[in-house]
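Shared chain: chain A. Partners: chain B in the first complex, chain C in the second.
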Partner chain A sequence: MAVEERDNHTGYLTTGHEWNGIKELNTPVPRAVYFFLTIAVAFSIGYWILMPAWPLGVTYTRGLLGIDQRNVVAQSLKEAAADRNVWTAKIQSESYAALLADPKMMAIVREVGRPLFGDNCAACHGRDATGGPGFPNLTTTSFLWGGKPDDIFNTIRVGINSAHKDTHVSQMPAFGRDAMLPRGDVLKAATYVYSLSNPGAKNLDPATVAAGKKIFADNCVACHGDNAKGNPELGAPDLTDRFWIYGGSLDAIDTSVWGGRQGHMPSWEGRLSELDRKILTLYLLDKRTQTP
Partner chain B sequence: MSIFGFHYQLERKAIGLVLGIVLVSSIGGLVEIAPLFTIHQTVEDAKDMRLYTPLELAGRNIYIREGCYACHSQMIRTLRDEVDRYGPYSLAVESKYDHPMLWGSKRTGPDLARIGEKYSDQWQVAHLINPRDVVPVSIMPAYDWLLSTDLRTDDLSAHLKAQRAVGVPYTDEMIANAALDAYGQANPDSPRAEGVTKRYGKATTVRPFDGLPGRLTEMDAMVAYLQVLGRLTDAARKPVAQAGAVQ
Partner chain C sequence: MRPFPTFSQAPMIAQLTRTERQNAILICLVIAACGFLLAAAGRDDPISIHGALIFVACALMIFRIGKDYYAPEPSDERFAHYYDDPSKAGIVLSMAWVVVGLAFGDWVAWQLVYPDLTFGGGWSSFGRIRPVHTTAVIFGFGGNALIATSLYVLQRTTRARLPDQLSPWFVLMGYNLFCLLAVTGYMLGITQSKEYAEPEWYADLWLVVVWVVYFLIYLRTLARRKEPHIYVANWYFMAFILVVAILHIVNNLAVPVSLGSAKSYSAFSGVQDAMTQWWYGHNAVAFFLTAGFLGMMYYFLPVVAGRPIFSYRLSIISFWGITFFYMWAGSHHLHYTALPQWVQTLGMTFSLMLLVPSWASAGNALLTLNGAWHKVRDDATLRFMMVAAVFYGLSTFEGSFMAIRSVNSLSHYTDWTVGHVHAGALGWVAMITFGSIYAVVPWLWKRTGMYSARMIEAHFWLALAGTVIYVFAMWNSGIIQGLMWRTYSDSGTLAYSFVDSLIAMRPYYIARAFGGLLFLIGGCIGAYNIWMTIREPREAEARAGDLPEPRLAAQPGE
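After this line comes the complex of A and B, so read on.
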């Protein structure tokens, strides 16, 4: 097998193989390799002792340093909260009016609120909070459930028609589909509602509007009020302003009266901290002053 | 050197070398993977962990069929920025009944591990029909056919049975009623709805997910599945709730 043959020129052994007179040297492994191999073994032994490493049946060695990534995360969250404490304490303790009047705090609210809104609210209400078909524009003064700071904060907390126990509940009945009104009456009521926000509209038949007013008085005032100004206690929208969630054209209003509406906003109490919800409220109030 | 001397000898024995290679390359698996099956802490205990209903399981199958996992992960890692953005990090127990698991590591879209009940059904439906309608900058493909395709329910019992074969504790009653439960979960006013909460627990959401009561579509299944992601157990909220208490 192994042939002991020393190469005279280098002094190393050969492998004993020969190809057309050429022999292969069996050069020893360089010392540097042993050096780094020793360091690697020593490091791993140290690592086994210090870090979680060896399985022991139903448990494992925890390591002397007691490092657990879950504690690392908890610790880093704690540190982050402590870092933010400089201004979070102020947001938590001060009133909305005081915070809104403080440009320094509002600069922070804008900076922190934007990603918070983007991660949680923008999917429905849009990146700039201007909403979309079926999802309300939050930069207007028209809030279904009240636009005062506490109202907005509460709506974020409980949601609308959500799973929260204190949720806002509202439903616009499907007057047409559920046969509460005949087809013609739905259109008349819709025409009257359209005329409220379009007082100058010329193409409306006054008789239809008058008939619609009567139907409105019989069916709609319970929620929307005698003057159709809505009721934030019930989440009933003001029908006389220019803000519409599902569209303010005659066609869109007719669709809403025919098929009803039941919007849904999730509750954020279980997902966002009280502080985050207060920041979002301030962020929205700030958006609103920017876009009257 | 003696270890090289041993190797010198081993290299000359083909079978011995092959066995040696097999032995060395299995060390990683033996030390890092095999013990997870015996170590108690691997999978946390969660008494409130509930099963996927047949409708949610059907939605999961559609999720796999459409390749959603190629762009969306379902795994929030134990890192601060992930917890800040998505919520409590994922626990192993939350994937206890996921066969196969859909953790993934590729995020072209956001992680979906905590998407359940984050947005409304209406939003999920509108977004699946055409993502650009609600998120103008989205690059996600549209899945509008989900709303016009009726859900196949005749094979749901077989799917439940297959899940049971790999360890999900579905009962005979659940398997027998799979198709009816799928219908009932999306039709709260039907007489089938009651059986769903009876068999799968009060936490089960029963509602017309796609907004079309009376009809069972693939959209129902998909939205039901998305709305249950991260909500099979509350276990994950506990450790982070403690960490959050200092805020």
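After this line comes the complex of A and C, so read on.
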């Protein structure tokens, strides 16, 4: 039945079949196809001989080279750690003061600390560590839980209101929402607090500020202190400086007093090595000296 | 007023016999009952929304059938023609899905530039609308185009009419119900979190039923074929249907929490789950996005070019090479993971060997154009197919290259993968589909040609420019990203944070979204052109020889 035809353009015969007008030429498979197929198969067989390749029940062919991806990774991690040892040992052993005074070590801290901070801290504190609404600016001198090197290191280790057993725990009560103070008193206290960091503010009613001071003394000094300078033991912020986590406008302060605050910072002990946490501490101390 | 487009001379339902109409209503009633049960059992679970959706969809179908239920039965004259109504509907659905799918895709792309473009909605977050995009383009656009063209090609290359008129409608409508459940489910938060296999258990089960009927249509038609040999296109379509069924069933094995819950737990866990998923994922690329569309190419390219296939022998080698080698390649998605290294070795080596039959297919297509290159120059329809074959060759080379472990250590998890996928999806799958659709629409609706040849030309250049911009942007982005992730400082620690690499990506994300926009505009022009071709009555004669074997007409049935 099949009638082969010669195709004028290529000179090849058709197979003689036709489907809805489609014909096929009986062109032989180009040599190159067999050539490359042979190369590809030969390469694969060679690769199987050298590398782990075929399953054999509960085990597999290990390959003549004896390469195992787990050993390769373990080995390269070991080598990389050894290479870094020239400076990591120094960071681990020397004091903060000595390291901060050593320009060569601080150059390394800046180089290593930037991506470390970028990958772990920047999501909340911002890429330049200046924070944002709800997240403290870390380039200032005002640290909730203390700004000494050991304090910073410890805060990174345990976190704030975190799942760590030694976590910093702190809560600003919701004086308004939980009906600890009437609405008017909340606003008066907030006005007084506002006046502390804005001593020159003109439009504040002195009577309100005075009333607020009384309410503050009765309710707030336990944590924030008589002079409102805060208490790093309790994580209570200094209310007299210009640094605010949740905003320093009268409205923002009023919102904080009304609804309370309870920030959260994760514990990094389980996620970052002691070395990395020390680098981050140094990185922050260095950032701080850069800010006037 | 121009007449509203009709899918055939006689209303579609009137083409069904009375028995088929009764069966259709019966099937709809059964499925509606299932939908009702899901809605009732689901209570507050999102599955109840899907149950209601199924119920409403079936109710609408019943009304549609009921409207023409008493129309006169079709005469035996119908056996003198191929049954193309489902193909027509499939083409229209395919174009509707592509506009939706590309629009979601470009939206997702702009979200990567401007994250606030979610407008605050949970349903519109990146993680939910990205699968809407992938499902709408792969399954909505690609799947409908495959069903439509495969039924068209099947009849003509066997000279046998479809075995009945109900089952192809069941497949088409059922398949679109699946797609609808999938994309609405993602936005409701229903997903089993398996890439390209996100739909949950009830949608998966439904697709199995639809898919088996699809395969049976193929077998039943082939069994009645009047051609002694089975044409290459049908090998590929058969491989596509059969293997997709196997992949779908195995990867989606899961235990639902209850019959009233959309949530299910996979039968696999850990690295076995990952391996099953990427065995599925890579073979979805192989048998859905490659084999199916090769079937399309093997019919439409030689017909439009008016040339015989370059080499029958090469077709055989490529077909068996592709079907055999692809099956092993999935593990290259899991290089340097918990997957044992020997599995990675097999995935890598089989991916390399796969290149030869893949290029043989692309070469067979391009060499078929010998003697017809003037047509490629003049006819954008054929040019779509030519460029598709080029991109097929390009992306299969790239795929084999990226499967090499050391290359993969740079490319994995980067935008390079995204670029590679889109070289295949835009350059190969979409281009071959647009070319085939532009060829088949005038044949199906019996028009003298497409409404506007210049619009095809515009679509071609927009699609090509969009693809090239997209792919180049992602190559740049991916390689920069990969290099940044592995750059060490002098101190021996990583030099860049992840956010640093994101900032470096931004210009390329803008370029990618712009490329995608061009592709979307092209798709819209294509949809308009096709719509106008259907609306404009420029009646033409049927294609020469486009009739089933006449003896079949006298003895219908199986």
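Simple rule for what comes next: the second predicted complex is superposed on the first by the 236 of 292 C-alpha atoms of A that agree within 3 Å, B and C clash if a C-alpha of one lies under 4 Å from a C-alpha of the other, contacts with A are read in each partner's own complex, and residues count from 1 in each chain.
We adopt the following convention: a residue touches a chain if its C-beta (ideal position, glycine included) is under 8 Å from a C-beta of that chain, and two chains touch if they have at least 3 such contacts.
None of these values were measured; they are calculated from a predicted model.
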Which of the two partners, first being chain B and second being chain C, lies in contact with A:60: first, second, both, or neither? both
Taking the superposition on A as described, I'd like to know which of chain B and chain C A:98 touches: first, second, both or neither. neither
Which partner does A:78 contact after superposing on A: first (chain B), second (chain C), both, neither? first
Superposition-derived comparison: chain B or chain C, residues of chain A touched: C
So in the superposed three-chain picture, is A:30 touching just chain B, just chain C, both, or none of them (first/second/both/neither)? second
Classify the contacts of A:42 with the two partner chains as first (chain B alone), second (chain C alone), both, or neither. neither
If we overlay the two complexes on their shared chain A, which of chain B and chain C does A:222 touch? Say first, second, both or neither. neither
So in the superposed three-chain picture, is A:87 touching just chain B, just chain C, both, or none of them (first/second/both/neither)? second
May I ask you to decide whether A:210 touches chain B, chain C, both, or neither, giving the answer as first, second, both or neither? neither
If you stack the two complexes on chain A, which partner ends up touching A:114: first (chain B), second (chain C), both, or neither? second
From the superposed pair, tell me which chain A residues show up as contacts to chain B and also as contacts to chain C. 1, 29, 54-55, 60, 69, 80, 119, 122, 127
Which residues of chain C touch chain A in the complex? 156-157, 159, 227-229, 231-232, 299, 302-303, 307-315, 317, 321, 336, 340-342, 344-346, 348-350, 352-353, 355-357, 359-360, 363, 370-371, 489-500, 544-546
Note: in the complex, chain A contacts chain C through residues 1, 7, 9-10, 14-15, 17, 19-30, 33, 36-37, 40-41, 43-44, 47-48, 51-55, 60-61, 63, 67-69, 80, 83-84, 87, 108, 111-112, 114-119, 122, 127
Any idea which chain B residues touch chain A in the complex? 1, 4, 8, 12, 31, 34-35, 38-41, 78-80, 83-85, 87, 89, 117-123, 126-127, 133-137, 205, 237, 239-240, 242-244, 246-247
Of all residues in chain A, those that touch chain B in their complex: 1-2, 29, 54-55, 57-60, 69-70, 72-74, 76-78, 80-82, 88, 119-120, 122-124, 126-127, 132-135, 163, 263-266, 270-271, 273, 275
